[in-house]
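If you scroll down you'll find the structure; I have some questions about it.
Here the chain labels run A, B and C in written order, and each chain numbers its own residues starting at 1.
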């Protein structure tokens, strides 16, 4: 504002730097908050572990049966764990007013929203991916399945966070939005689940699984481009409430 | 002027008065087509070589699932118009399209199950089409639940519009994924609809589809009209319109 | 980029604004002209629509009729420029209680896209609101008034020219209020705009008042049948 910036390149560069600053500021802030609430970080993981423990108790401890169920079961439970963690994504920001401040920022909401979702993935999707092999052992997952399980979760949970955040943004102004959130988001998770679980299964049966990974990758790319727009729109509507 | 027309279309009052005359026509034409289509389909269309008479439920199942799908797009497009041009009427169309679509989807599922019994020996099989329709039903239920959750109509409208737009982007992906998933898990027995269909079977089907589309249009307009009355209750013209009816 | 919005010509105009909440019309026909150097206090009893008006001004809510212009152009067309100039303190504090005051302020500076010698500026701002020494305490441990001060420290940190403040003086002690009044005066002298709501009497010379009671909707508005 102070100097009349004539050079369009310099102006663009400055705008870019400002956006970068905002992105980093939000990313850093949310990471700090996640670390301050360390206790909550473990919850989705414990949930993941608990549900997987229920499977042999409810179905059968036979390794053969478990091995058949493993790819689908691990994926379904990872999906549920992500869903559970979503309700809090924008809730506290909504309650303390930082959400409206974020939306009033001169920087585009796209990058701020993206920063928030990235932190959500770093604190749920990534840890879920990392503990998945351990749970694979509990589910007698055949050896060939471990790497595809981790790779598919790594790509897939990114999409789950992004798509789920749309639901979280739509329901953030509702006091009891948790169940509704699952209701509206779960049908949207179908494609990710299909390709994630089938990639693991294909690998176990000795087939190539790169098609599934490629599709998961393209879902993620599409979600990165489109989801933040929907999230920002939904947040604006929720704050307007 | 095209714009003037567009602007007027946004006025609930204009819409209400304009559509008044259409309603009986739409209803009678659609019923006429559906009744005659049903007679043709049940009485005159030939037997199927593999499925015998049981295939005839297709004449309800196929139109219901096609129109249920189309209803989702109507809902999403209406929502998009509402978001972009802030048109109240458009939101009303979106809101009423959801329950109608859900009913059609439920009907498609029910007829699919009835058809499944003689074909597969069981009411439910995870067939690609049935699975997709089931997920479509969940998408509808999500939109309806979201619409109901908000206290303020304006917010509810915006939220459902965003959700149905997100759903629209997802539907082709969901359908393709389910198809792909289905081919992976080898179909158990015959598919419900074979790819080639004899013309004598096809014509009544096309008739039924047309009839369903017109009936859907009628239902959409009728519920939009009652939604208009409900939302504009405080205005003078609604009071007058109601008085005239009595 | 900033050509369209010259500092000298900074202005906000309200044209026949009407706002409603929960289907109830709060005020109508509100027209006002706010120029660089103005300090405007919005007054009215509880429920008159003060907060709603401020939320409309910052485009967090939409007026049900009328327009808001920023520097002569529709606000919706000038949103980016407007937000670069805007500092809004809402009804909610906008403070993360798990973070320290300094961390909170750093995030706000980051949102403005501003990263130059931040530590020093944050420290100065906290000093101004009397929170020096608390910068590394988490906001949980601060009193209500102190939390409010964290939010108010933004008035010393931000470069924004337009301040829209909803009840900024709540829970602030007398000395604090005097200091803030002085800050408002400085800001208006520097060509800024302050629009605020408060139930306290301000002693500023340049103060203008806008009473929402003057724009109460008449029976005709309520039942006239809006088409």
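Everything below uses one rule, namely that a contact is a pair of C-beta atoms (placed from the backbone, for glycine too) under 8 Å apart; a residue touches a chain by one contact, two chains touch by 3 or more.
Just so it is clear, the structure is predicted and the values come from calculations on it, not from any experiment.
Traced through touching neighbours, the fewest hops from subunit A to subunit B number 1. The highest number of C-beta contact pairs joins the chains A-C.
Here the CA centre of subunit A is 32 Å from the CA centre of subunit B. Averaging C-alpha coordinates per chain places the centre of subunit B 47 Å away from that of subunit C. Chain geometry summary: the mean Cα position of subunit A and that of subunit C are 35 Å apart. Multi-chain contact residues of subunit A (touching two or more other chains): 240. Shared interface positions of subunit C, defined as residues touching 2 or more other chains, are absent. Residues of subunit B in contact with at least two other chains: 152. Interface of subunit A with subunit B (complex): residues 163, 166, 170-171, 173-174, 177, 180, 183-184, 186-188, 190-191, 194-195, 198, 219, 226, 230, 233-234, 237-238, 240-241. Taken in their complex, subunit A has these residues touching subunit C: 1, 4-5, 11, 17-19, 21-22, 24-26, 28-29, 32-33, 36-37, 92, 95-98, 100-107, 112, 239-240. Only residues 1-3, 7, 58-62, 80, 83-84, 86, 88, 90-99, 103, 106-115, 138, 159 of subunit C touch subunit A when the two sit together in their complex. The part of subunit B that touches subunit A in the complex is made up of residues 83, 135, 138-139, 141-143, 145-146, 149-150, 152, 155, 158-159, 162-163, 165-167, 169-170, 173-174, 176-178, 180-181, 184.
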